[in-house]
Amino acid sequence: MQRGLLRFAVLALPYLFAIAGAARYPSYGTLQTTQTDGVLNVVINNTYSTINLFDKHVQSDLANLIEELQAPDTDVRVVVFSSANEEFFIGHIDVKYFLPGYESPLPLFDPFIPQMLFPVSLLWNITQLPQATIAMIEGRTRGIGNEFIMSCDMRFASEAPSVLFNQFEASFGVNPGAGGGMYLAHTIGRARAFEYALSAQDVDARTAARIGWINTAFDTSAALHQHVQALAARIAVFEPMGIAATKTGINAVSRPTFDVLVRDAQNVISGLLGMPSVQAFFEKFIEATHNQSISPLELNYGRDLGELFK
Amino acid sequence: MQRGLLRFAVLALPYLFAIAGAARYPSYGTLQTTQTDGVLNVVINNTYSTINLFDKHVQSDLANLIEELQAPDTDVRVVVFSSANEEFFIGHIDVKYFLPGYESPLPLFDPFIPQMLFPVSLLWNITQLPQATIAMIEGRTRGIGNEFIMSCDMRFASEAPSVLFNQFEASFGVNPGAGGGMYLAHTIGRARAFEYALSAQDVDARTAARIGWINTAFDTSAALHQHVQALAARIAVFEPMGIAATKTGINAVSRPTFDVLVRDAQNVISGLLGMPSVQAFFEKFIEATHNQSISPLELNYGRDLGELFK
Amino acid sequence: MQRGLLRFAVLALPYLFAIAGAARYPSYGTLQTTQTDGVLNVVINNTYSTINLFDKHVQSDLANLIEELQAPDTDVRVVVFSSANEEFFIGHIDVKYFLPGYESPLPLFDPFIPQMLFPVSLLWNITQLPQATIAMIEGRTRGIGNEFIMSCDMRFASEAPSVLFNQFEASFGVNPGAGGGMYLAHTIGRARAFEYALSAQDVDARTAARIGWINTAFDTSAALHQHVQALAARIAVFEPMGIAATKTGINAVSRPTFDVLVRDAQNVISGLLGMPSVQAFFEKFIEATHNQSISPLELNYGRDLGELFK
């Protein structure tokens, strides 16, 4: 078999599965979808966690969703992510993922992007979607949860006190391994990216809107929903190729390249995760957060992280 | 003849013409220039159009102007663009350009930058000028009109209701082919570039200033003119090499590279313009805008574009 | 000796010196340091100058400081720069550096980064430090003084009238040769980088905070100090590798690459400094500033520079 044909066969594999209607990875029902015309609303609802943890369940469902959105015959033009959890739009990664003995139905690396760890490829693939993607945010986003929203094209939030953004990896002795610091630099500028990614502060919606972390903050949940749904409906009448082509240009200059993302974010964190001090911090974090459940520290990490360093 | 000499001869060609005083392309008088010391004021006044259309007349005159500004013996240090049309600082491209049967005295590609379509090279060349370039904006800019102002170094505008910015190509099923989305990403950040380039919204001057699309918005036309003329006069006393050298550094990190611009903006739109759905949209647009003349839809495209999708 | 070993030996040289405790370059006492836990406070106090000139004394001391901060056994995690001079946080470069007959104990090029001129490598090395770096600004920064603060990760300032930022090289007929325009573009966006780097305006703290030149401006000196020391102390409890790794990602996408910095900033200014008009301007500047001492023109360069062009 010729190399070219082989490559085609491998690339065609996901579509063959998709055609067959079978999800590639296990389904856990953590992403509830409804479609209205060209807009797909996706509600993040991780029933396995009280903090909408970005764990293997969410990752598995997200991988399946992305595959559907990549399908050539999709009629989705805009994707809106929201949350069923009032306190957490989307949580940080399940840090047990980095500890010995963790089991998962998911591969370590994405079989179709073999240089990328599975969760990193999920976020990269979101930036690659032909659809416009909008995060409609109520509740906290921290760590990879914040990297998730940064991988969406746009972010809108309510000014509820539960809305707090935090790219907090530096406080764990590591870095945002899916490129969170890089996307922040392209979105809020170099200086503020350093400030917030180095200090692990919680940023409220109003501050986030002022510095550009989110596009706009709204007084009320109703105003947020109305704005986002109107925006989504507006974009969804445009031809899909116009949306995808416009994204291509913006991505070409304001997204870390694949190589930079792998080398200077993912591979950097890979080199640090096994360090004894980092592993010990994860253990301490799990205990202090009551096993990563809703708890004072999860609710107020930015304010209370000092207790982890006593 | 040696390769080096041949290359010199080709490069020297435009200057030979310039020395002879003959404009390379036909002159239509759509750009009225007056010079005060080192400041060249250029008034965009396309008398062939009621909406200051970026058509073959403006393009031809602009090409000639750029060639003059590139001449080694120019004493122009700052260029200020303004408009004679109250409603349109500069219009979108003449979409007939993309339809069969269009005739033009201009070449399809720039003979001196053969990878670039003629209008794309015009804007690229503006970013390359050794002069500081300022757009002093009253009236609308849409599509390539907005890409034109993004190719200038700076943008200042009045807060008149006629001032509306719109990078509207996604609504046509294409992308900003001269890099408008890319320049927006470098100017207003990745998130807001997505928001506005994907939604084809009209942005007013105050909002534009707040997010950085323009440098500053002024209450009155008089305040705008006073500020811009003072700024231009200030810069124009500096040595030309200081201006050009300072631009080199900023361009090196905040402009799409030539290759990225050609590949991810121009060539992407080139692949889409011939699609039947896009061609049909252009026909519909021409009819709905009363042949791209001053009309409700041209005046309020951002508000009224829905009528094109009924 | 094998090439690999030789390279190791050369790289090891600075550490051998460091181990021996001897500073590589002469010490002048212009940088006064005190350390509290992981925070090193560095007060810039050039007693050889009334305007905290970035001269050979400061450069020599800075080179030694950087070498200490690069040492593998350092326990410094955050560096805070402040100033002992009320009017000048840090001055511009000693322009005599570019005139014939200048003598210095420092090499022209950094022996460890031989493509870089010595002062350029100082600032590049600051961006490379594993520590978080914060400029706590009271007083003016101009020219390479502003490039110095742009090379720090973060900038905070008081709103005192003495706080004025100015990337003023264009007014000298040259460009910011250590990349000031590039860092500005990554920090305040392309448009405002052009505006301020081309016009040599003094920018006050409030404006600087609004456009992102500095992270935040504070009403009082006390509020500034309190905020910066709290921020520094917060970051200083994090593991050093988390700080350094997070910086790696942000630098990878928001800093000029080494090659771009050398080619489009440093080498551009190198080509201009010897021009007779530039040399004459330096002479005029030295005279008008009373030999680069505290003087009306040094205090109000942005306002009064016109007198240099009469």
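Every chain is named by a letter (A, B and C) in the order it is written, and numbering of its residues begins at 1.
Here is the rule we use: a residue touches a chain if its C-beta (ideal position, glycine included) is under 8 Å from a C-beta of that chain, and two chains touch if they have at least 3 such contacts.
Keep in mind it's a predicted model, so treat the numbers as computed, not measured.
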Category of the chain touch graph - line, ring, star, complete, other: complete
Shared interface numbering between chain C and chain A [over half = same, under half = different]: different
Cα superposition of chain A on its sequence copy chain B - rotation in ° rounded to nearest 5: 120
Inter-centroid spacing, chain C versus chain A (mean Cα positions, whole Å): 36
Sites on chain A at which at least two other chains make contact: 186, 189
Partner chain C, residues of chain A touching it in the complex: 169-176, 179-182, 184-186, 189-195, 197-201, 211, 256, 260, 263-265, 268-269, 272, 275, 277-278, 281, 306, 309
Footprint of chain B on chain A - complex, ascending: 132, 153-155, 183, 186-189, 212, 214-215, 231, 234-235, 237-239, 241-243, 245-250, 252-255
